[in-house]
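Following are the structures in question.
Here subunit A shows up in two complexes: once beside subunit B, once beside subunit C.
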Partner chain A sequence: MSSLVGFLSLVFAIGINFYLFFSRYIFKFQKQKFNLFIRFSSLLTLLSFFSLMYAYVVSDFSNYNVFQNSHSNKPLIYKISGTWGNHEGSMLLWLSILSVFSFFFSFTKNIDESFKRLTLIIQSLLHILFGLFIVFTSNPFLVNSILVNEGLGLNPILQDPGLAVHPPILYGGYVGYSIVFSIAIAGLFQNSDDEWLYVAKKWSLISWTLLTGGIALGSYWAYYELGWGGWWFWDPVENISLMPWIAGLALVHSLMMVRGEQAIKKWIVFLSILCFSLSVFGTFLVRSGILTSVHSFAADASRGIFILLIFFIVTGFGFLVFLIKEPKKSNALNLLFINKVSALVINNILMIIATLTILLGTIYPIIIEVLYNKRISVGGPYFNATVIPIMIPGFLLMSIAPILSWQTNKMQNSKKYVLGFIILSILVLIQSYFLDFNTWGLVGLLLGFWIILASIIAIFSSYKVKFNIKFFQIINPHIAHIGVGIAIVGITCSSVFQNELDFNLNEGDKFDVNGKTVLFQEIETTNQINYQALRGKFLFDIEKNQSKKIEAGKNYYPVSKIITSEAGILHQWNKDIYFILGDQKNNEWFVKVLINPFVSFIWLGVIIMMYSGIIAVTRR
Partner chain B sequence: MRRIFILTPLLVLLIICIFSLVYLLSGKDPNKPPSALLNKDVPIFESTSLYNSKEIIKTIDIKNKKTLINFFASWCSPCKIEHPLFFEIRKKHPELYLLGFNHKDPTTDAKKYLEDDGNPYDFVGVDADGLIALEFGVFGLPETYLINEDGKIIFKFMGPITKDVLKNEIEPLL
Partner chain C sequence: MSLRFQRLLLILLTLVIILSAVLLILYNTRENVSYFYTPSEIDELEIVINKTIRIGGFVENDSFNKISSSSFKFNITDEKASILVTFSGILPDLFREGQGAVIEGAFVDNDIFKATNVFAKHDENYMPASIKKDLKDTGYWNKKYK
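So, the complex of A and B:
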């Protein structure tokens, strides 16, 4: 029953969007009515999504999608997250988020009504394209042809609280760019005043903040669930999310800097189209199953071709409009040797080069396989060797960019910065001389700390410190950059200074980790509601009274016959101690211990960046 | 000049779409990477028998006969799934030479596995250190290769073979 409601409301919502799309030419609307129709179609799409969720919650196995991906023994939260833990459901989530964005956009007040309507019509077109995709190739409301009373289960690796919320937030970022895309296209068509830039800024900040959160959640999940001890693997799917993130970063900065310059306005339109195109391209790569990774669901060529078509239409349409309708002439670019505008331009160029480098590495295997019928894989070594060096000058520039002047080459308080940089360099050099020296470690630490230091100097020397909202809004760019600096320190330490220890142990053995004694207490197997758990129990630092318990092991999911690894992590502010339980051989257990210094800094940096994103939304 | 600059995104889009489309239409499956060895000579190998360490098989021994090479191990559960199919092949195509390579397995475990589930192979070679698999470019167990009389690899399959694969892909080549 709920499946029928879901399907009908989905089809009805698509129908309304068809109606709206053609309304411009055939039917004439009053403005009130138009907005009402948009909201109504959004609510219908949401109704469709929640009907599917309801089918999951009550374990309605007469729905084929629920039967394939759920199981009545699953805890409620994973029944709910199971709604988007599969291809069909996740596409419906995509469409629902698109609807949510249209819904809220229809309430925007301070813009021209016909401009708003045009933006929403482009949203309607997107709704139609993706809606038809769902109905024709990925219908989650198919009826199960056999009568069953149990489902086949959800991919156990996805049964995790972090991952339950990761897709909706990530999609919030991806799909949020659709509004920015529509605004930019509408701006091109109408060639109106610059009002649309302010509207676009708000929405692109929201999308970028959500995307940041989504990527960080996915990365954190990979860190403790995959059991490899790392948090970023340059997996194709990670790259796909990183590309719109970097392009979005360039977009957000350009939007904040623009002062009516013709060139930057054009550039903003380009970036808006690019961000959403990359999002759709990412959806294509993941959903077509063209790339294998933890995210791949069953591959199906017809789906791939359909999304490829959507990608082609959306991107082609965007760039074609961009080609034909250039923004109107206005102020010229005020480029000096080093002022705000030139810093912005240089950073934008670097970010685009980084994006293209990642794009090349991601699609290179596809091109090679088509041309030479060989399977190659492009991984960490390529990306580390190309993307990181491209980003480094950008990071350097970023540390001083917010305090550069608009009109002149002069920099306020430049002596303080030079002095700060010299002292910091000496400190970092001494540190790396006495601890293990590593070139990348040195560069990363210097860069990270320098960004933090320069931002702090800027806050205290350029503004009067007050504790009210306005002050936090003014210093917000610096705060964001401090977040980046902290994240760079965390990234550098955890990747360059990671330490790995291997042990073969019996129960009751004591061993030494980082100068602390650890006791391998016992192996315990328990039966949980939907899996069997094997846990090695460790007691960290047994000489102290408050020794810490760590559990590392594996879960076995009998329904889908999959084993997942569950790392045991002891979080400390300056390092994570990461336990992985391996296999048993000759009555001895293989235990791997990784010491990851300053991992927490990465998450802290990300949280600060997201905070800044939110603060920036509130500022006009 | 400026036109070219603005046209670039459209060109890039076109190239990406064409390559992706060709990839999708060619029916490639990411789970079946193409083998660099397809239509090439079978790699040179030398292996001892699982049951008698004096008995040796070399590349030259499988010349002039069609050979099906299967990499398996006792610890590999998908191998267990495809195992019965080899008896079927054995029965239907007695002329086909079945060569099994036991991959990174203790000999006792391998023997027990073939005792419990039966031994369909004409010869079971030991590949204890996985070097032969490396030569063949094995991605993961099980993997199956068909070699023709000229010693060329004419078919490769990753993962357990199924009745469909046997009927539609292997048997037409026999």
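So, the complex of A and C:
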């Protein structure tokens, strides 16, 4: 029943969008009516999504999709997240988020009504494309042809609270760029004034913030769930999410420097189209099965071709309009050698080139296979060695950005900065001399601390410190940069200064980690609702009274016959101690302990960046 | 500064950045790209000692041998040829005999492949597209895999 409701409302919503898209030239809509139609179609799409969710929650196995991906003894949260834990459901989620964005956009007040309508018509086109894709190649409402009482279960690796919310947030970021795309295209068509740039800024900030959150959740999940001790693996799917993120970052920064210059406006339109194209391209690569990872649910060639088609329509249409319709002539860009605008321009170029190198590394294996029928893989070292050197000049510019002015070549307070940089550099040098010296470590720490210091000096020397919303809005860019600096310090420390210890242990053994004695208490197996758990129990720092318990082990899921690792992590503010339980022979267990310094700084930095994303949305 | 000069400068700068990016890419793809082979392809190749490559296939049945709790020995096969692999560390959760796996590492001598990384597939129906194609070609394709 719910499947029927879901399917009908999905089709009906697509029908409304067809009507809206084609009727523009046939009927003259009243503006009120137009918005109502858009909102109605959004609500229908949401109804469709929630009826699928309902089918999952009540374990309605007459729905083929539910049967394939759910099981009645799963906890409720994974029944809900099972809705998007599969290809069909995740595409319906994609479409629903698109609708939600259209819905909220239809309430935007301060722009021209005809401009708004044009934007929404482009949204309608996107809705039609993705809607048809769902109906024809990935319908989540198919009826199960046989009568069954039990489902096949959700992939256990996806049964995790972090991963349950990761897809909706990430998709929020991806799909948010659809609005930015539509605004930019509408801006090209209408060419009225610059009002659309402010609207685009708001929406691109929202998308970027969501994308940041989605990526961070994904890598946090990888950190504690995959049990490899790392949080970023340059997996193709990670790369794919990173590309629109960097392009989106460039977009947000370009939108900051608009002063009516034609060149920058053109660049903004280009970036807007690029961001959404990269999002769709990412979906194509992941869903087509060309790339293999946790995310490729099922390889089905017809889906890949369909999404490829959508990708070409969107990108082709976007860039075609971009080439034909140039933004109206206005001020030329005036670069005064050393000022904020030129720093931003250079940073933008760097970000786009970084995006391109990631893109190249990701699709290079595909190209080689097509051309030479040879299979290769491009590993993490390629990306580290290529992307990081390209980003370093950008970080350098970030650290001097606060002394540059917007209009002139004068530098403000340069003495303070230079003095601060010198003192800081000496401190970092001394510190790295006493620790193991490492070039990358030194560079990373220097850059990270420079950025933090420069931003702090800028806040205290240029503005009067007050504690109201206005003040936090003004210093917001500096806060964002402090977040970046903190994240750079965390990334550098956790990857360069990671320490690995291996042990072969019997139950009851004591061993030494980082100068602290750890007791390997026992191995314990327990039965949980939908899995069996095997846990190695450790007591960290037994000499102290408050010693910490750490449990590392494995889960066995009988429904899908899958084992997953559960790392035991002891979080401290300056390091994570990461326990992985390995195999055993004759009751001797292999235990790997990783000491990851300053990992928490990465998450802290990301939270600060997201915070300033939110603050920036509130500022006009 | 005249506008034309600025534009020139900007273009030059962009070119310099692109050029250095291209150089970086070329240099790094030479160093950090590993080729992917099946066991029977390796049989035909000349073995280069200590060169990082990847091998994809199945873990041969009854070949898995636990030397200690952290070192293992097993064969990777595509039914035509098989290769002896040694690995020390923690094997992925999905590593099992009869299941697909991708091994990254290098030959330490003509017969022994020392793995640095072992990747196993994510569920029992899942198979990297590249291995799937080969298995189909060699007729080792099991219908129950998707």
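Quick note on the criterion: the second predicted complex is superposed on the first by the 618 of 620 C-alpha atoms of A that agree within 3 Å, B and C clash if a C-alpha of one lies under 4 Å from a C-alpha of the other, contacts with A are read in each partner's own complex, and residues count from 1 in each chain.
The rule we apply is simple: a residue touches a chain if its C-beta (ideal position, glycine included) is under 8 Å from a C-beta of that chain, and two chains touch if they have at least 3 such contacts.
Not measured: the values here are computed from a predicted model.
Partners subunit B and subunit C, brought together by superposition on subunit A, clash. Once chain A of one complex is fitted onto chain A of the other, the partner contacts of A:Lys415 are absent, as it touches neither subunit B nor subunit C. Using the contact criterion defined above for the overlaid structures, shared-chain residue A:Glu369 touches subunit B and also reaches subunit C. Greater residue coverage of subunit A by touch, when subunit B is weighed against subunit C, goes to C. In the superposed model, A:Lys109 makes contact with neither subunit B nor subunit C. With both structures placed on the common chain, the touch criterion links A:Gly316 to subunit B but leaves subunit C unconnected.
When the two complexes are overlaid on their common chain A, residue A:Leu308 makes contact with subunit B while staying clear of subunit C.
Of the two partner chains placed by the overlay, neither subunit B nor subunit C lies in contact with A:Lys464.
Once the two complexes are overlaid on chain A, the subunit A residues touched by subunit B in the first and by subunit C in the second are 289-290, 292, 299, 369, 374-375. The touching residues of subunit C, counted against subunit A in their complex, run 1, 3, 6, 9-10, 13-14, 17-18, 20-21, 24-25, 27-29, 31-37, 54, 66, 68-70, 72, 89-91, 93-94, 104, 122-124, 126, 128-130, 146. If you check the complex, the residues on subunit B that touch subunit A are 6-7, 9-10, 13, 16-17, 19-31, 33-34, 36.
Subunit A contributes residues 270, 273-274, 277, 281, 284, 288-292, 296, 299, 301, 304-305, 308, 311-312, 315-316, 319-320, 322-323, 363, 366-367, 369-370, 373-375 to its touches with subunit B in the complex.
Within the complex, the subunit A residues that touch subunit C are 155, 157, 227, 289-290, 292-294, 298-299, 332-337, 345-346, 349-350, 353, 356-357, 360-361, 364, 369, 374-379, 381-382, 385-386, 389-390, 502, 504, 554, 560-565, 580, 582-585, 588-590, 592.
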